[in-house]
């Protein structure tokens, strides 16, 4: 459903993605892995329209997203849980979560979804009136994840959800992703913890230096080969 | 070399740390773990001087540090990283290290800066602006670089390994241990990856709700039922 | 022969209003003088000093470079001070009515002339109060230079006559005068209020007084810019019975030919009643132009004799008699007091000039 | 820039300008006024670029410097050339009162210092016995004659103010290029990060405040002896804050030469060109110019010019110390 | 003495309401966009002059001229935003000089159109005294105090409860993250400028009705508004109201107990004292460090 076609993108004069093509299938969990600095985050940012494409195209259900503004892409049901948290520091935890349901079509479910997020993260329920800027690193990560869930997206892009979370919480998060997968949502997961990623994924893409090195259904992936590819510089 | 007595920290009505006692020796490598929001970062803030505790004592290298301003603690040999990277935004990566070295250590040594850049694989990014132009992992590396450039006696590392690829983590740990050997520095490290902590540290201290609930060898600590319940969720053996 | 006279004057910035008012009078003077066919004509070169001292100095220097024969203009003691010093350096005669500070005429400048001064205002204001035989007066004044100097002078004068005086200085930025007037009402229980400020201050003070209605007060007296046609028209609610300095009644009635000449020219040019700013600008310029004419005719103008010629002035003008002393001050200057009566302004002090008896006691509320 | 360029500019400023324009008192007065604004603009930019503090109250230092020097030369009878730097010191001393404001950041600091400017103005009005109150001081002694050079003449004033401004640029540049300059720039938006690597940021910021206050005070003192007049409204006028800020940003506040260039460009364009075209509406053109500049070249005039001339990046502050 | 002090407190309260009205629009734009609109005072002044024209030419009561002021001032505010939104680099500082330039243009345009004369309402109804026991005021002061309360409350509700208001805060807090939530930052910012225009309109009419206007006033209004915004703690609307009233009361008490010459001094000293005790203003939240 989401086609990335020969995409080139980067930051100003620095190009990061080099003619990258990949397909994300509906209802599947697609894992994108690769060493640090490979351009995984950059790819997700490009999909969301946060950085412009200098070449190529990205299409959702055949509609081109290139040149579209980020907010309009977001309203189309694609949601990104960003790396590095990107929470609204000057707003309360509850307002942060609520903003996740900003698109008109999502507002009806706010109360219900809020309750669900608080159930998943009781820690946030305790802190609902606190400014997000005062949260601990892990708590802020919970806010970012909870906020992403509030949007009930049809495509969920997740950038390193386990970052900064305690092991119990990591298990929780992957439990949630598991459930979303079972509900039939499309998920794109960027994760350094290959082990965890593979346990959830239907399909795996390995990126390195802005290119796609490997693209395989998860069951066929050989960990050792993956490992070798990782470090083949 | 570091000793914390009865540290208590409150924010508004919230007790973030209560009666924390902790000590470590020169050259020790200690892991600090605990659930999210347990107060680990806050403890680092107390040690480095960003947060003043409502009560307690901070002794480093035999000096009472409680009233010492941030920069004095840094010059005395306390180096720290920030969990959410805080590069010096207006400077390049190299200039970041230069400032740390010039003011934390006292004089500039370009060769050392190059060494640090190489070690952290930041060489290609040396001229890049710190604020924009770095991936998250690179920003974390820069955090470590700044701390190392001050030539600390005690290194406080706050989740610097999170988000690193497995191989990178290993390399990093080896270098840290080498540093400890060479300069006899102590390391206090916050990390959520149990495997890493177990491999790196002789000793682990667990915080939960602002209290120390366990302190001992990794094996002992990670088998403690209370720790399993509140923190690892049984993932220790994963 | 045509002579160029310069005018350095604030047309924008904080003094824009008064500057423009004075300029109107200066322009009328040019009209009237040129219509006289004396053989000499005047052309005016105006530079806006933007209410900034450095720009006032630059303006004078520009005018000097453009070979003007003299300067008529300036407003605000802080602009006139440096500007007239620059004029002195350039050997240019500088005539003004825009700054009443005593300092200006204490500097011993050879080429500086002023037709009005603080003392003349103080004399009029204090004279009116003394005539009313009030026992106590509250002086409410702005901490600006001109107003403060005047307030102190009036206070001294009144106290010398045994009138009890309380002083209330206020910062020029303030807009709510109720707390001050309430002090006048409850603490001072003064019989008269003297306002020394500018239009916006008067409006604020009168509004506060109308709200609080201090019962002890029998008269409210202000100074410049108050007993004017404009105030009568714009604030008809606030003005009844209020006194202020005024050279002319409104509607204007001129007894003298010179006055009528001025009024007709003014109305032809600006389609409105002349006001006091215009009058002063007119008088200062007219005296200057006449001196230029005289100097040109007896050949001293080119030799720098204009200032001496001007110093010989002894004229009866629409603001009274004008002569200049060694410092360029006009010792005869004495203001008159007007009172708003039924939408008009009547002259009520001194008796010799009065056009109507004063309505006393009387307040706007 | 090639070394030849600054030398040429200097030669033009010191020789060509007095030779060609020296006879025109009006032009020289405008130039002196522009240089006065340039001096404040420079001090403001220094505090912003190095101290990381945007100030909306430099009039405070300007006024204190002016009053200090005027009073010292008139009442204590000090020679004017000695009183002027003492005026700068007086302003630096006044900056001691501002020290508590260093705890504040961003707009909180900017406005706190504005409050100081107001307070100083009111004090100058109220302390009548010392300052003459709102009547101000007339007849402040002008600049003396030094070794045959008549500093009090328009040309002399121009040369003296120019020299002072250039000296300030040199000082600014020296600080900027030092490791302290690096540390100071490092503090922007990341003060804690800088302090945990051993930088005593409070001390450095205080030092920049003193330097900036000294510069502004010196300029204020110079202006007092040029215009020979002071009163509280004038000495502490908001114009001494806002016009230099506009000039600095216009010229390129992140460059060493930008504030100077901006002040001269804005002031001369406004007074010579716009005013001649529209005697009383010229400020509107100035407004349009300021706005257009920001939209067309957000980094300011100097970076724009050097881009045009050399097709190379301007000597912007952030790269200068590399 | 008690009567004096009571009146003084009451006067200060009402003046504070007027201050708040002037400050709200600036506080909104500054709090939500980090843009200091140095032309805000001029927008307020523009509204005041619209009210003047409506009254002097068409005999409209100033209150009835608010709709006209709204149209003109909001259009101007939109224009200001469209220009400001074109700034790509260093928006916080560059918007300062851009809006300063716009302020100069507006001031001089006002001077040309309406001349330098002072203006104020001649409506007797607005100037009438309202007496509550020992407390005196002009009717306009009371009317606009109530309006000020209502607007501050409404603004607070809008920012903290409505979707759009929250979006405004989200954009200011983190533009990229806001875009990811489906928020169009340009539209939201435009909306806050329009709201600021509405506030400026009411403020302008209030000033015209209670005190005196003249072309050079705009700049002073901006500074006052700015000081109150910062005193409040940036972004806090209840703070604006409280800060403004605190300032108003301090000033009037200074007049009553000391001298009115010291009123500005007292205001500034209060401002500094508050900041030294609360470096982030009355309602500004402290940030977490580390």
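So that you can tell them apart, the chains are marked A, B, C, D and E in the order they are listed, and the count of residues begins at 1 in each.
Assume a residue touches a chain if its C-beta (ideal position, glycine included) is under 8 Å from a C-beta of that chain, and two chains touch if they have at least 3 such contacts.
Because the structure is predicted, anything quoted here is derived from the model rather than measured.
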item	value
Graph distance between chain C and chain E, where chains that touch are linked	1
Both-way neighbours, i.e. chains that touch chain E and touch chain A	B
Most widely separated chain from chain D, with each centre as the mean of CA atoms	A
Chain pair with more C-beta contacts, A-B versus C-D	A-B
Inter-chain centre distance, chain A versus chain B - centres from mean C-alpha coordinates, in Å	28
Centre distance in Å when chain B and chain E are each reduced to the mean of their C-alpha atoms	47
Rounded Å distance between chain A and chain C, as computed from the means of their C-alpha atoms	76
Whole-Å gap between the CA centroids of chain D and chain E	31
Where chain D touches two or more other chains at once, by residue number	122, 125, 192, 283
Residue numbers of chain B (touch at least two other chains)	41-42, 48, 50, 82-83
Of all residues in chain A, the ones touching two or more other chains	134-135
Interchain contacts (touch definition) - all pairs	A-B, A-E, B-D, B-E, C-D, C-E, D-E
Sites on chain D touched by chain E in the complex	54, 100-101, 103-105, 107-108, 111-112, 114-116, 118-119, 122-123, 125-126, 192, 238, 242, 245-246, 249-250, 253, 281, 283-284, 286-291, 293-295, 298-299
Touch list for chain E against partner chain A, complex	160, 163, 166-167, 169-170, 172-174, 176-185, 235, 285, 287-288
Chain E - residues contacting chain D, complex	30, 36, 83, 86-90, 93-94, 96-98, 100-105, 107-109, 112, 219, 223, 226-227, 230, 234, 261-262, 264-265, 268-269, 271-272, 275-276, 279-281, 289-290
Residue ranges of chain A in contact with chain E within the complex	48, 50, 69-72, 74-75, 79-80, 82, 86-91, 95, 98-100, 102-103, 107, 131, 133-135, 147, 151
Residue ranges of chain D touching chain C (in the complex, touch as defined)	24-26, 29-30, 33, 36, 122, 125, 133-136, 138-139, 223, 227-229, 231, 233-234, 239, 271, 275, 279-280, 283
